[in-house]
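What follows is a group of structures, each given as C-alpha cells.
What follows is chain A paired twice: with chain B in the first complex and chain C in the second.
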Partner chain A sequence: MRINRPNKTKNVSRCPQLIAASVFFVLCFSLFTGAYALEAKRSLLENGMTLMVVEKHNLPVVKVVVGIKAGSIYEPEGKSGVANLAASLLTEGTFKRTARQISSEIEFVGGSVGASAGEDYITVSLSVLKKDVELGFDILSDIILNPSFPEDELKKKAEIIKADIISSEDDPSYVAQREFNKAVFGEHPYGRLLSGTVETIEKISRDDLVGFHSGYYTAGNAIMSVVGDLSSQEAEELIKKYFSNWRAGSVTTVSAQKIPVQKKRNTVTVDKDLTQATISLGHLGVSREDPDYYSLTVMNYILGGGGFASRLMDNIREDKGLVYDVHSYFNPRKYGGSFEVSLQTKNESANKAIEEVLEEIRKIRSERVSDAELTGAQLFLTGSFPMKIETSSRIANFLIAVEFYRLGADYIDKYPTYINSVTKEDVLRVAKKYLDPDNYTIIVVANQKEAGIREEYSK
Partner chain B sequence: MKRIIPLTILVLFLFFIVAHPSEAQNINGVTIREEVLGNGLKIFALKDPNAVLSVFQIWYDAGSINEDIGKTGLSHLLEHMMFKGTPRFGNKVFSKIISKAGGIDNAGTSKDFVYYYQKLAADRLSLSIEMEADRMQNLIILPEDFDSERNVVMEERRMRYEDDPQSLVYEEVVSTAFRNHPYRWPVIGWMEDLRSLTRDDLWRYYKKRYVPNNAFIIVAGNIDVESVISLIKKEFGAIPRGDDISKLEIKETPQRGERRIYIKKEAELPYVLSAYKVPNILEEDSYALDVLTGVLSGGKSARIYKSLIDEQRVALSAGAGYDNFNRYPFIFYLYGTPMPGKKIEDVENSLYAEVEKIKAAPPDITEVRKAKNQIQADFVMNQDSIFYQAMILAEFELIGDWRLKDRYIDGIEKVTPEDVQRVAVEYIIPDNRTVGTLIPVKRETKNENQ
Partner chain C sequence: MYKKVLLDNGIPLVSFKSNDVRSVCVGIWVNTGSRHEDISNNGISHFLEHMFFKGTAERTSQAIAMESDNLGAELNAFTSSETTTFYIKALDQYLSHALGLLTDIFQGSTFPLQEIEKEKGIIAEEIKMVEDSPSDLVHDLFNRSVWGDEGLGLSVLGNIEVINGFTRDSLVKYRESKYAAGNIVVACSGNFDDNLLVSYLNKTIGRVHDSLKPEKSFSQKFNGKINIVSKDLSESHICLGLQGVSATSAERYKMYLLNTILGAGASSRLFQEVREKRGLVYSIYSYNATYYDNGLWGIYAGTDRKHVIDVIDITVNEIRNISDTVTDYELTKAKNQLKGNLTFALESTNSRMTSIARQEINYGRYYTPEEILGFVDAVTLDDLKFFAKKLIGGNPFALTVYGPVSERDFKAYEKILR
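Right after this comes the complex of A and B.
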C-alpha cells in the first residue's frame, strides 16, 4: 500500500481557524491511506472532552459516537452489571423526556440513538440525516447528561436482562465465551459477564446507577467523534450548544487490578443436547498497548486469524473437513487480554480437532514461518486497512479506539510500518512468548458422552 | 464467515430499497451503466466517486429452487466447491490471492440465486475479473475435495440448524407453508440429502447453470468505467453461451386453513413463528405490507414493542418481518419469545391482537409517516457502503429489472393508512398462516470443573 506522508506544516494550514470561542483547544491531524485521505480534526474542550471531527459530504448523514470510560472495569464490588444497566437505561428516560418520547422522536425521523457497554469503555451512538442533526444532538446530550433512571424502567430493564441471560444458554458460543472469560481472567472484571448475573442485577438500585453515572459520565472521561455532512464549524457550534455544560469531573483512573496468571491446564465441560462440540481453547494474551501487539497480529494472521490464508483453517477445514469455522484471535483490552482459538465440530471429532489446534500452536512456536506466509500476512493487513474506515460509522468508532488506546495521531500513517517491520524472527519470538500449548484453558460445550474428551486434555 | 447463506441480508433488504428516484441517482453522484455481451452476459458498472473500495459481484440464477427432490443443498455445496481451483490458478488459492491483494471475498446462496464477490481496491479489479471468468469455465471438482467439503457443509448445517432451536422452527414452518413450491426446502439442504449428493450431480448443475447467459456482473466503486468494461469483455466475451434455461413457472397451491407444527428441543424458553404467504415486491400490495411491517415492528415506538415488551411485559423479544424480495411470493411473519414464566400462547395471541387492531382501524397518519421516514433514512444511510449499493441493484435485477427501484419508491410514498389496513385484512388471516412453536425439553445439565 502506498502511503502519502502528510506534511505537518501543510496539515495545519489545511485546518481552518476554529470559531473564536475559547471552548476549544485545537490540534489537527490528517489520516492518510493509499486509497484516500481521512482528515480528522482533533480538539480538546475546556471541560476535558476530546473531540474529533471528520467532514464527509458524500451523503446527507451524520454519525456520532461518544466513548466514555465507564465500562465494567469501574464497577463497584458486588455490583456486576451496573455499567451495562446504566448504559442501557440512558435511552429510557431523562429529566426532560420519557422513554417513549425518546424513541418516538428519534424514530420518527428515521434516526437511531443507543448505548452499548464494554469492559473498558461504553459507547453512545447517534445516527441521523443531516436535516435532523439538531434534534439528534439535543437527544444525545440529554440522554448522556441528564438520564433520570426511572424506577419502573430500571425494573423492566433488569427483568429483560435477566431473561436474556437465561435465553442465551441456548447459544453454545455464548456459553463457551462466558466460561472461557471466567476461567482465564478469574476474579478480574474481564472475567465477568458484562450483563452481570441474575443475582448481581437484583442487587442494583437506582442509587447505584445515579452514583455510577455521576462518577464516570463526565466530560473529562469522554471522547467524541463526529463524522458526516457537517462543516467543522457546524459541528463545533453543535458541541458548544449541547455539550459545553457537561461538567469536567475528575478523570478516572482504575487501579489496574492484577490479572492472576494460571500455570496449569484447566478444563470446563458443559453438557448439553447438541450435535456439535463448541470449543474454546486459550489463555491470557496482551493489552492493546503492548509493544508486541503488531508482531502478534502478524503471527496470529498466519496461525488462525487470516481465514483461508491461515494454518488452522487450511488444516482443520480444508484438509480434514472437520469444521465450518475455526479461527484464533487476541482480544486485547486496556489492562490485558486473552488469546483464544474457537471452533465447532461434531461431537465425535472434538478430540481430533483439539489435537490439531495444539499441533498448530506447537508448530508455530518451534519453526519460523515461510517467506510467503509472512508476506501474505503483511500484504493483507496493510492492504485491507481502508476497510476499517470504509463507512462513516466505522470511522467514528475507529477514531474512538485510536484515542482511547493512545495509538497516536499518526496511527494510519504508521500502521503499515508497524506491520511491515515484523520479521520471521519476531513471529517466532512472540509465538514462543505468548502461546502456551501446555498450560491452557479449554471449554467444551457439547453432548459430553458423544464428545468423550480425552483425559490428556482434561487434566 | 465465509460462504454464508445470506438470510439476514435478505431480511435487511426490506429497508434498503426506498428513496426518491432523483435522489437515487444524484444523492452522491452515482451513475450506472448497463451492457450486454454477445453471449448474453449482462454487466452493470456503478460508479461512485466517493467510494473508498470497489466491489466485484457475479450473480448466477442457480439458487436452491432449481434443485430436485432428494438433491437439496446442491446449489450451496457447489458454491463452496467454486473455491477449490482451476488449472490456471491452482488448487485452493482463490481466497489467498484476493487476501494478498488486500481484499476479502465470499459468496452466498439463497433460494433464488447464488453470488460471489470480492471487495478490494479499484486498481486490483483485474484480479477479480480474470479469476471469476476462469472459474465460470474451468472449475475442477476433485472427488476427494468434494467428500471433504460435504463434511464442512454438514458441520455448517449442525451449527446453523441442528443446534439452533429457533432456526429449526423457521425451517419447519417454511417447509410446511409451501407444498408444491421448491421454496419449501432449506438452502443448506436436508442432512439426508447432503449425504447422498454426488460429485457428478454438482458437475452437471455447474455445466448447465454457470454460463454467461444465466449470470450478470456488478462492478461498483470509484472505477474507470470504460477500462473495467473492456477488461470484462476481454475475459468473459469469448465464453460460449450455454443452452437457454427456462425460468421456473410455478405457483404455490392455495392454503385452506391454518397449519401448525411443533419442534421439541432442549431450550430455555419457547418461541413462536407465525408465517403468512403474501405477495412479493412485484405486486402493488407489497408497499403497504412493507409499511405495515414498520408500523408493527419499526423500533421501540412501534406497536409490538410498545405493547408486548413495554406494557404487557409478556415477551422478551417480539416483532414482525416481511421477505418481499424473493422472486416468487414468500412470507410475512410475526415472532416472539415469552418472558420466563409467561405463556407462549399469550405471546402468540398478543401478536395477533396487534394485527386485529389495525384491521379494526387504520393506523395513525403519523405512524405511517414514521414508517416511511425510517425506510427512506435507512436507504440513504446504507449507501455509505459500496457493497450494499451493488446488492440493491442486484436484488432488483433478480426480480426482473434494476429500474424497478424507481417505480418502487413512488409505491411506498403512496401508501395510505387505509392501504395498510386493507392488506392486513386481506393477508394476515388465520386460514393463511403456518404457526411453528418451539417446545423446550429440559435435560439434566452438568457443569463441571476439573
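Right after this comes the complex of A and C.
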C-alpha cells in the first residue's frame, strides 16, 4: 500500500490564548425565513464559536452537532489518520469519565453521542430526549473539551481501525475509492485515506493526539447547531454553562496547497478474484464554494446524478442492461474536489461500460441538453430540497455545512433561484469546462484476465 | 393523528397525519416475499418488484422516472422475505400527482417482454454485487443454514439460473396470485388531505380484485448447524444465533430488551467485552430478525482468522450467562434506549409510514408510542431472566463463518455451541 505524503499546513496556533470565559452574543439575526419556515438563529459567541439554533417543538428531542475544523487536511506530515483517531477517541475517555461511563451514561437516558471525521472538518453529535438535555450537554462538552486520550484506549482503537482497513480490502468499492482519490489528488491530503494506513496509524502516539486536539479543537474553529425542542434562550444558557471555558484559539487556515492537475490518462488496475468489475472513472472537480457549483449540479443530474432519469442510468442500465447501478457525482470539498462516475458490471462487460460512460461525457459536452431534461433536473433538485432537511439530525448537519462553506444566511430561500437560473448554455459551458473525456483516471478492481481492459483507456 | 379506514374492496388504509412536515409518504405493502416462494421460483417477488417500474399502459419506464423527478419525489420499492413495498415520498402539494404515479405503476404495469429479458441481466449484476461483498453474503449463507432450502432460508434476490427461467406468463400469474386485496395494506404518513387520499385510493387501489388463493403455510424448524464456508478473504465474517421470537409474540418486548442489553449500542455487553475490553473485533452487534411466525436472534462479528474461535467462545459465554447476570441497571438502560430510538424514529415520515404499515400487517391494529413504551416499561428483571433462561437454555447455536477458515478449525470447538 502506498502512503501519500501529507502537505504542510500553516497558521495553526499551538499556544492559543485563553479568552474571557463568558459567552456573549455579539451577532444575532434570523437566518432563514420564507418558503420552508425553517427559522435559524445565528450568533457569533465571544469565544469565536458560531451557534445556530432551530426551534422545533413537535417532538421532545434535541439534536446537537458541533463541526470543528480538525479534519484530515490538517494532519501533520506522516501522521495520516490522526484526525480520525482523535475524533474517534473523544468518546473513549475524558479526565472525568472512562469510555464505559460515557457510553453508559448517555445510553442510560436513551441518547447517543458520537464523532466522525471528514476531510475538511469533524463532527461531534448528540441526540437526546429533551428531559435529559442537561446531561447531554455535560457529556458533549466533556468529550470535546477534556478528552484524555488514554494510552490503552488508543492502542485498542488503533488495532480496531487497522483490522477495519484490512477487512475493507475485501470490499471492491472501498478499494476503488481509495485508489481513485490517490490517483486524482496525488500528494494532496484529499488523496489520503481518512483512516490513515496500517503503517501511519502505528506511528501515531498519544502526544500526537494531544497536540492535534489542543491545536485544532478550539471554539474559534467550531460551529454548533442545536435543533429541536429547545428555545434559543435555553440553548444559550446551556452553552454558557457547558462551553464557556472553551478557549478561542486561533482560526485554522490551510496554505494554498496546489492539487496537481493531471493532463494524461491514467489507468490503475487491481486484480482480485471477483465476478464483477468495480469501475471508477473521473478527474478533479470543483470546490463547494465555486460559483459554477449549481450549474454543475444541474449538469451532473442530467448526466448521471439523477437516478433512473439520468442519461448514464438510461443508457447503461435501462438500455444496455450492463449494470445494476451507475452514478456520476461531483464531490466538492473546501479546497477542491473530484468528479467521478462509478459502476459495477460483469468483468467481461468492463470495456463496454467504460466506452458508454465516455460516450455520454462526450455527448453532454457537445450538444445542449433538451428542455425536458433541464426542467426535469430543476424540478427535482428544487422539489426534493425541502425533504432533505426534515429531521432534526439532517437540519443540524445541513446548518454546519451552510456555515462552513459560507453558503449564506439566505441559502434555503435562494437555492431554488440558484438552480432555476441555470440555462442550457450554462450546462453546456460547465460540461465543456469541467468534464474531460481525454484526460481521466480509471480505476478497475476486477478479475483482470476476464476484464481485459483495452489499452486505449490507459494511453 | 392516526386513522384507519377500509377502502371499498376491504384494503386497510392506515395513516398518520402531522401538520409540522411538508412531505407525505405513501406506501403500498403486499404480503409477499421470498419466504412465499420455493426453490423453483426463488427471486420472483424481487424480480416482479423491479418490473413494476418498466412501463404501464399510460407511461413508459422513462416517463415514470421523469414524472417522479419532476415532482422532486422519491419513488421506489423494496422486497423482504415477507413483504414487497412500493412507496412514494413527495411534497404535500403534489399528493394527487404522487398517488397517480404510484397507483399507475402498481395497477397498470404491462411487463414488456424485452424489458423482462433486460432485467434478468440487471438482477444478475445485483446478485453478483452481494457475492462480492462478504459482510452481506454471510447473512444469506447464515439464513440458508438456519432455515434450510425453503421459506425463510431463501434469499430475496434468488439465483441467476432460476431467474433466467422467468417468463412474462410466470410473472403475470405470480402477480395475479399474490397481488390481491386481501394481501395488501396501504399506509400514509405526513401532511395530507384525508378526503383526497381516500377518494383517490378508492378509485384506484380500492378496485384491486380480492380473490386470493390461500397461502401455503408451514412452520419452519430452526437448525442449530455449524456451517463453515472457506474463502480467501482478509478477515472472517461470523454469524451466530439462536431461535428468537416472532413479530407477533407477546414476548417480543422482552426480546427487544434482551437484544439491546446484549449487543445494541456502545455500552452493550458484546461491544464492551469483545471489542472495547479485548479489542478482538472491528465490528460486533446483535439483531432481531422477526417474522410473523418465527424469529432469529443473531450476532454478527468481523475479525481476523486467529481470533475467530475466541470471539465465538466469548460471545457464547456472554449469552449463556446473561440470564444469571443481567442487572436492574442494564434493564433500565435498555428500556431508555428503546424509548429514545422510538421517539427519534417518529421524526421521519418514511419510518412512520413503515411503522404503521407493519403494525397493521402484524397485529391488525395500531399501538401508540405511549402504549408501546408501557409494554416495555412493564417488563421486570425477573420476567427478563425467566425469558432469557427459556430462550437460551441449552439450545444449540447456529453458526456460519465465511472467510479464511476451514471446517477442521472448528472440530474441537463444536461443544462450545452445544
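Note that in this section the second predicted complex is superposed on the first by the 425 of 459 C-alpha atoms of A that agree within 3 Å, B and C clash if a C-alpha of one lies under 4 Å from a C-alpha of the other, contacts with A are read in each partner's own complex, and residues count from 1 in each chain.
Everything below uses one rule, namely that contacts are C-beta pairs under 8 Å (C-beta built on N, C-alpha and C of every residue); 3 or more make two chains touch, one makes a residue touch a chain.
Nothing here was measured: the structure is a model prediction, and the numbers come from that model.
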Between chain B and chain C, positioned on chain A by superposition, is the outcome a clash or a fit?
-> clash
Between chain B (first) and chain C (second), which, if any, makes contact with A:414: first, second, both or neither?
-> neither
In the superposed arrangement, which partner chain does A:240 touch: chain B (first), chain C (second), both, or neither?
-> neither
Please work out whether A:58 is in contact with chain B alone, chain C alone, both, or neither, and reply first, second, both or neither.
-> both
With the two structures laid over each other on chain A, which partner does A:167 touch: chain B (first), chain C (second), both, or neither?
-> both
Name the contact category of A:429: first (chain B only), second (chain C only), both, or neither.
-> neither
Kindly classify A:368 by the partners it touches after superposition: chain B alone (first), chain C alone (second), both, or neither?
-> neither
Contact residues common to both interfaces of chain A (with chain B and with chain C) = 36, 58-61, 99-100, 103-104, 107-112, 127-129, 156, 159-160, 163-164, 166-167, 169-170, 172, 273-276, 306-309, 317-318, 321-324, 344-346, 375-376, 379-380, 382-387, 390-393
For the complex, which residues does chain A have touching chain C?
-> 36, 56, 58-61, 91, 99-100, 103-104, 107-112, 127-129, 155-156, 159-161, 163-164, 166-167, 169-172, 273-276, 278, 306-309, 314, 317-318, 321-324, 344-346, 372, 375-377, 379-387, 390-393
Within the complex, which stretch of chain A touches chain B?
-> 1, 34-36, 58-61, 99-100, 103-104, 107-112, 127-129, 156, 159-160, 162-164, 166-167, 169-170, 172, 266-276, 306-309, 317-325, 344-346, 375-376, 379-380, 382-387, 389-393, 448, 458-459
Seen from chain B, its contact residues with chain A in the complex are 1-2, 27-28, 48, 50, 52-53, 83, 92, 95-96, 99-104, 119, 121, 147-156, 158-159, 162-165, 265-269, 298-302, 306, 309-310, 313, 316, 337, 339-340, 366, 369-370, 373-378, 380-381, 383-386, 441, 443, 445-450
If you look only at chain C, which of its residues touch chain A in the complex?
-> 18, 20-23, 53, 61-62, 64-66, 68-74, 89-91, 94, 117-126, 128-129, 131-135, 232-235, 265-267, 272, 275-276, 279, 281-283, 302-304, 329, 332-333, 336-341, 343-344, 346-349
